[in-house]
Every structure is written in C-alpha cells, then in structure tokens.
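Labels run A, B, C and D following the written order; every chain starts at residue 1.
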C-alpha cells in the first residue's frame, strides 16, 4: 500500500478534470456513497482522462485494458452533489501505463486512486508492447514531463 | 400502456430539472446506456423533484415510498455526456401522488416515465393517508395548478 | 396501470426461472433493496427468459430492443439472500413481444413487471417486423399456447 | 503493488465462500464484466465474510469502515454465470484488519483483492482502536491461526 502515499491529495497536482453527479442509488445503508459507486466515479475519470490523452497520441480506447486498481477512501462522500475527478499520468512502462486520480469537492480530497492499464490487442485479447513512438508520445503527458 | 401517452415529450412541459452525468459503466454490450442506468437517472430526477416539493410542504423524504414505475424508451442514449431529467406533479390521490419525468438532451426527449409514490409511515413500514392540509399543499404543484 | 393487474402474482403461473443473488450495494439508505437494483434483477430475468425462447426460434439476442417497462413494487426486498425471477410470454404482436415477470422468494411475490420488446435491426438501429415464421414459432411459447 | 503478489490465487487457500450471480447489466461495451461490477462482487464477498467473523466475535457490522481496496484483474469475466468469492483474514492491526479475496469459477482465479477495514465509531463517525479482547478473538481467524 506504500505506493498510494505518493498519489497527490492536493487539487493543484491535477490538470484534467471530469465532473460526476452523485445519484441517490449511489448510497448504501450507511447513508453515504457506497464504494462501488466510487469505483464508477473513478472509471468516469479514467475514461475521460485516457480519451483525452489517447486521442492526442492516436491510440484506440480499446487498445488498453485495466490490470489493477487501488483506492484509498479518505472521507465519506454524501448525496446530493457533484464530485470532480482529477487525473494525471504517473508512469509509462514497457507494457503498461500508470495513472492516478483524486476525487474532490472544492479543495477537499475524498478519495485517491491509482490504475495500471496494460496495452492490449483487441483481436487476440492479450497484452502487447506498444510501438516506441507511442511510448514516447505518451511520455510527454507525464507529470513534470 | 395507454397512460404513458399522456407523459409530455416536449421540454416546455417540465419546470424542475436535475442534471445527471453519464458514466462509462452505464453502457452495456449494445454500446448504449443500459436501461438499469436509465432507472438510476430517473430516480435522481425523482428524488430531486420530490425533495423540492416536499421541503416546501414539510413532508419528510422517507414519508413516501415508490409503488410503481413505467418507463418508455424512445431513443438510445450514448456515453459520454449529460442528460437532464425534467419532473412534474401529475396527480395527487387519496394515498398517493403521481409524478412524470422526461429525460432530455437539448430539446430531444429520450425517455418518458411515470412514478406512483404512496404515503408511508416509516415506523410501521405501511402506507398511510396524508393529512388533508398536506394534500392541499401538494395540489398547488399540479400542472396548471 | 390497469394492465399490471393482469401480471400473475402466483408462483405457479411462471415456468422459466432465473436466480439472482442480492448484493450489499443493492441497498439504499432505506435499508432495503433499491428500485434500480430491482430493475437489474428484472433484466437478468428478461435476458435469461429471452435467450431461452430466442435460442429455440433462432432469433439473435440483439434482434430485439427494450421499448417499455412497468414495475409494481409489492413488498420490500432485504439483503442478504437470493431472489428468483419468473418469466412468461404474454403476447406476440406485429412488431413486438410482451413478457411478464414476477420476483419471488419461496411463494411470496415481491415485484411484478411487464416488458415490451420491439423487433430491431442492429444494422439500421430501427424497429422491424419479424418474418411470419418467427412470429408463429414465438406464439408456441404463449401462456396456454 | 508488491503486496498483492501475496494474495492467494489457489482455491484451496480460501475457507469462506460467497456465490454471486452475474447480471446482464454488469457488462460493458467490451462485452465482459465491467470493473465496477467486480467491485460489487468483492463487496458481497467482504460483507459475507465480515458478517461471518463479526457475528462470532460480537462486533457490529457498522463497527468497521472500508479504508482501502486493491484489485488485480487477472482474466476477463463473462456473462452469464455465477462466480464464487473466497475470503480470508490476512492481518489484525492496532486499528484495522486486512482481508483478502479471490474471485473464482471452479479452480480458475479471475480476480484477487485486498481490503483494509478500520474500526469505526458510528456515533462519532471516526476511527477507534478495538478492545484487546476483540483483537484477540479476531486473531483466531487468521490464516494458520
């Protein structure tokens, strides 16, 4: 879990944002937003962020597949309202990219999360190394890159 | 199903609006928004509209319970984007109220729906007739009321 | 809503069954199963029943699309447990079929529902009348047929 | 991510099982089960496992709250069918417990996951250290304990 301490919790670290409205059915008997709904918020942020990057580097959205997710729940989220999911590209590896997310309302961070997506061939349904030029193009989106 | 033909499909008929953002996971293998997600959109609209009215007449949100829903799917909804759910009060009965909803993007209506909510006693978990003054207060919200 | 009074509430009326396990996240702050989850239960029953029939008459599952749904909530459903969704074919029309569902635990009926599915051409994404032999084949599945 | 390599992928390592039926709406445009639905499967397994343990040690289910989750997606899951979620207690800490899960069909492992739950006071909605006797009682459930 140590890796997660490196996911930014300050709003200023995120450059791409996806707003998500909270639904009544996102709540559970604890009267807060259930973690399954939070996963859906994060996915909306991930798809929004990935499409933003992938469009720029001409990578098909079905050219990656989700390999792993970590989620740290920092504070309870309450209905109704809207959250904003910030996304950043944290690493580009040989066969995968690592992205990080923060769920915010104003400057308050409620959830941080990290996703590893693996390059994927939709025909064979197996992972695949990307061409070097795609890797180079993606690296331009790295934090501080 | 005849009743549903009376649910307005023109934007101008609706006075209260709840925006709902579409999530990637709302989609199914048909690559459109699944009807289960549309039910969640409608519930967001229903809770938003009900809270708006109930606050005004001092009725607790747990003082009604959903008895029935009808949904007509007019057009496919696609990710990504935002829909707006319009709501109106169509009838106030002896033990229930009937509300109607339209899901729109701009002036295009994608879904119409009707809900019957029954007055409910959260202690006994049974339906209950409302006091006459509550019924009268609700009637002020009727279309053309 | 009158049509719904014709949806059977006795277990014996249903011949095809789909079991669905209840999930923690199906619950809402009322501490019962939320209506959005109930819609997912009904969809599982509808797809199970439709695949059962369609396989027999050689109709592709993407050859119909859901046009309307009505749901009557008779009793609250509680986590944890399993429900069984019973399905029957109620009518075969010129361009659509009407199916009916009951959600049960033992002999107790919690929800009844009716769905109209329209024959659909996945290429044009428009409704389409089925060939007469398909209509005749489907009619063999009608209640009392 | 290194911690996840310690989550068992062999069926024999798990002693408590929760079956979960796959729903049509769990699928996304990739025509496999979406990761949000997998999170709901894992939650069903976690609640089932936690209730099993907590009942034995007389801990209220609302006496813990989910602090973090990691999920590794090993293989795609397809509709229809049922998965089984196996659970084990991996660690008991000063203020938290760590549980691990595997999602299986037969002997094939599709997903592994780890959850950290923090002891929680529902009145103050803050984390709280458990009494020593509760900690000792929980430790009896540890793998090899």
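Keep in mind that, in the parts below, a residue touches a chain if its C-beta (ideal position, glycine included) is under 8 Å from a C-beta of that chain, and two chains touch if they have at least 3 such contacts.
Source: prediction; values computed, not measured.
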Most distant chain from chain C, judged by the mean position of its C-alpha atoms: A
A-C or A-D, whichever has more C-beta pairs in contact: A-D
Type of chain B:chain C copy interface by residue overlap (half), same or different: same
Rounded Å distance, chain C centre to chain D centre (Cα mean): 32
Inter-centroid spacing, chain D versus chain A (mean Cα positions, whole Å): 22
Interchain centroid distance [CA atoms averaged], chain A/chain C, Å: 36
Residues of chain A whose C-beta touches two or more other chains: 24-25, 34-36, 40, 43
Interfacial residue positions of chain A with respect to chain B in the complex: 19-21, 23-25, 40-41, 43-44, 47-48, 80, 82
Chain D residues touching chain B - in the complex, by the definition given at the top: 24-25, 27-29, 31, 34-37
Residues of chain A touching chain D in the complex: 1, 3-4, 30, 34-36, 39-40, 43, 62, 65-73, 76, 116, 125
